[in-house]
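Each chain carries a letter (A, B, C and D) given by its place in the written order, and its residues are counted from 1.
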């Protein structure tokens, strides 16, 4: 960490700051040859509150050299983390497709979708039981009943299940859930992150709509600092000025996150684009960019063909996509 | 609500959709003179899930005519809401300054600040006990002890206190807190919103970093729909590409929110800009734009003048600002 | 085009507006069954100034059904446009790599790079002669001399050349340039667009930093409306809040632009990311997403290995990448 | 300027870089006490191309201590610049209102507006002759004829006129124009900036939609570096995710620009918000924030009251606003 001092800082103030850092176990070096005094800190600077230092009256600016995250940092953990979900592996060369409906609705729906996506090659089943909705008047999900239906679908198919938690008070309902999802809107719900960090269960953490890559990794660090290192990172689109797509999929986040961190990285093209025909090109692009998986919304074709979410793929569309996914992952393994 | 149907929609599908809306109590009108079929809905459309309708296979686009919020909507509540905090009123012509330190640190600190800001004219005392921090390794606040210190400061000065809740599990600690703050990162923590919506206590709701005005009002609606109509809206800067200020204060949100809603609207120039000398011009600008209050970080001048947050105003700077605030609010009342 | 009228609009005003549209050759349909009057326009609405209509006192909102671009619109031109640059084809299944240095510097540099990228498989040579720089004190390019050197490199290698124009006053220098590039900062320099629209030469149009997809296509339309239909669209990163990459590559723009338009679409991973090791994954992802080409910065390895732009690939890195590009484009042709 | 070297940089490479900077007249200081080598540069670093240095293989990061702009920098020009437009002064305590229609349409229109805004207290007349339009099919302005009408209005009223140039080829038409406006879309049309920098005429420079404060000042520097120091900066809204307002007015840019630069700063609330009733609160807020002026769209009330831009104020609305503007500027002078 390098601290650029203000010209107005007195020697007494600089000495006091130096002493404070030394009591934290840092080694301090100065550089005073220029018209600015620089203070260099060597040691475990993740414990230093950069915002607080930056806000000191005598400090012009602070520059981290080391990343503020440790557990999520590839520097200290060069091998890829492989998250093992009841034998289904994600990361380290294991590409997985997580598929299922936006919301769990009926036993028939979830069972039909589960059987079909399994047959097509999906490795995990997703389905929303607790639904974060912008409006308090919108359908909020089947909640406990939704999880019960997911667990039945798991029993039929053997597919591990992924579903979102919105409040830790509901944790008992998630006992048999295989992967707990933290949604984009809760990415900085720090108390929830800490709580799931004490579980012995993989966490799928979605990037917030306006979260930087560094903030995203710091949220993973919140979970990991409590002991749970089974975190899957999921890029699901960021908020920009563009309105033609629901959000803007930041696909460059995939290689970047994999460079900075050892955690598996997946993308959610359904939520990122909000447009079903864009799921295929963005899924193939994600494979090419090095992603460890994708999470895709799939629904069954109801007889009345009326109320299908157009963001979702139909079962046969998903089956077609999976054939291309298999060929494409195989191709890139040999490239 | 106007629904633009796709050209590919069959009459059968359109009829089925019409029936569905009619069972929800809507009146339906069609316009088929153009090359597109439009379906117009009359009734309480706040109950309709616009995203779901938009995602139907047969729907090209949906356009709301009515706002999706009711309780927060000025149309149905033309008078300004005045939030009364133990006799201290906000809104409806009552301008209030909420002042205090970023974090509560020691009894001496909070007491000195509380006495001083009261003398200068602040109406409420703020102070962070639970601190949302990007890093799990950063100081997370004094928590319960911080609230205890705030309550002591309240006893000395009589100032009502405002402090942030991060998890509903801590609610017992907030029993004597006068205003509960929901921070920007929790603006769409819907479970927390519902819970504080059942309290009989004013809620200060901060706008999320990438939240639209409509999403902000929908989050207020979450609280109000549960019964708690004492919501204070706080614009605290949005995330943009600009890096010279911490965030970009969206001051146009003030007249806009006040037009759309009857709730009081305040701004937080300290967090929005992150720069102490910008607090004064943005506070005066907020008054000119019609805000009902401001929330300002103030700290005492510690003997060693070392660790003061540079984002905060010192006690004397705050006193000077308050003189201008008084004159300026008086001026605009007569304009 | 659907116009939602304000409730305050008088019949007289509505009639007057109707008459105005009818004199423009539009057919008008009304829908008055709801609490809102809708006016539907059928005809060539590209000639209607939507902003002006939207700003009328009696208009609540305007909604286009048709896209505002015609010449660039795939609806009216279903086949892919293939831009032929002296026999080198881009689009319609022809993938091209445009490679070369950020700035043309010396005859040796540009010749060595040109020979090497040709040997590696590049189809066109790029090089900056006029350089748009944020600072007036920064190197602004070799200008006319830079173009002269590019033309020499073209002579040696036979590679067609692509270079940026910044002002139409310099057009004489571009007589033998094969593709004229309009940079992101000039994407809405409408006078320049009109001027190059009168040329008989392909134009490579870069998307502006905060340009929407629709604005981008409207800028292409400016060029095409003047008669020049040989436009290549280039996504080069948009400006977001993220700071780890120079810009955010919007890769979903590729399938979206190709759906909306028949024009070839390429990406510039070098400028979008600003990070050399990200060029490879984003290039492969672009192929997977359906792009018609990429534009990559490449430099020669100077003996002193000092001043190389780290954003650029070295010659051998580019050669390695091209092998993967060939295999990947071949793979996706068979998928 | 501080350069943080990569750990992989050899001593030979560092020495070579040092020599290069020394030949540019810089003094170099090293700090090698930490695990990183820092190179500090003292001298006129505006001439150093920070992007190029940052992109060197041996450089980790570069940090400017000095701003990259000189002529626009308040550090080297502490007094406010007062731009004198034929006796009408802007800046240094002189607040001016520039008013007029979006587009010049007819002699009657521009004359009526000019007479009325003059009577209400406007100091300058604005009017669009060349109109930058997203669509090539939209009305592009009366061009030369529009300027002729503006000059007639100037003759009647004595008000100096402000109008936008889009291409330097039209410069002859601007001979008698008092202030030349560079629009947001041309803020980084560097060739145009250089050209107007050689004129002896005030330039009103609008901030680009996604331009940072620093880029904005660098564009002013382009003009000033050519000799023309009469630049008026105009904040007109930036592009964000919010859609309720046309753009997001960044009012904090006013105090920030005035701190960093000596140039006068005005705002354009009409374009920033796109909503006429928001012009008043944002104008008053701009005065409170320290702006040197505002630019407001005003139209006359045509008999048919049909085609008025709703973004514009009517003449009587403008007259009412001007009374408040006068009182408010008077109030803040005494505060």
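Quick notes
We take it that contacts are C-beta pairs under 8 Å (C-beta built on N, C-alpha and C of every residue); 3 or more make two chains touch, one makes a residue touch a chain.
What you see is a predicted model, and the numbers here were worked out from it, not measured in a lab.
The greatest centre-to-centre gap from chain C, using C-alpha centroids, is found for B.
Chain B and chain C have Cα centroids separated by 40 Å.
Measuring from the averaged C-alpha position of chain C to that of chain D gives a distance of 27 Å. Rounded to whole angstrom, the centroid-to-centroid distance between chain B and chain D, based on C-alpha atoms, equals 32 Å.
Multi-chain contact residues, meaning those touching two or more other chains, occur in chain A at positions 210, 239-241, 243.
Taken as a contact graph, with one node per protein chain and an edge wherever two chains touch, the assembly is complete, since every chain touches every other chain. Here chain B touches chain C in the complex through residues 2, 4, 29-31, 33-36, 38, 40-42, 60-61, 63, 65, 239-241, 243, going by the rule given at the top. Chain B contributes residues 210, 212-214, 238, 240-245, 248-252, 254-256, 259, 272-273, 277-278, 281-282, 284-290, 324, 327-328, 331-332, 335 to its touches with chain D in the complex. On the side of chain D, the complex with chain C involves touching residues 13, 16-17, 20, 46-47, 49, 51-52, 54-59, 68-69, 132-139, 166-169, 185-186, 188-192, 194, 209-210, 215, 218, 221-222, 225-226, 239, 304-312.
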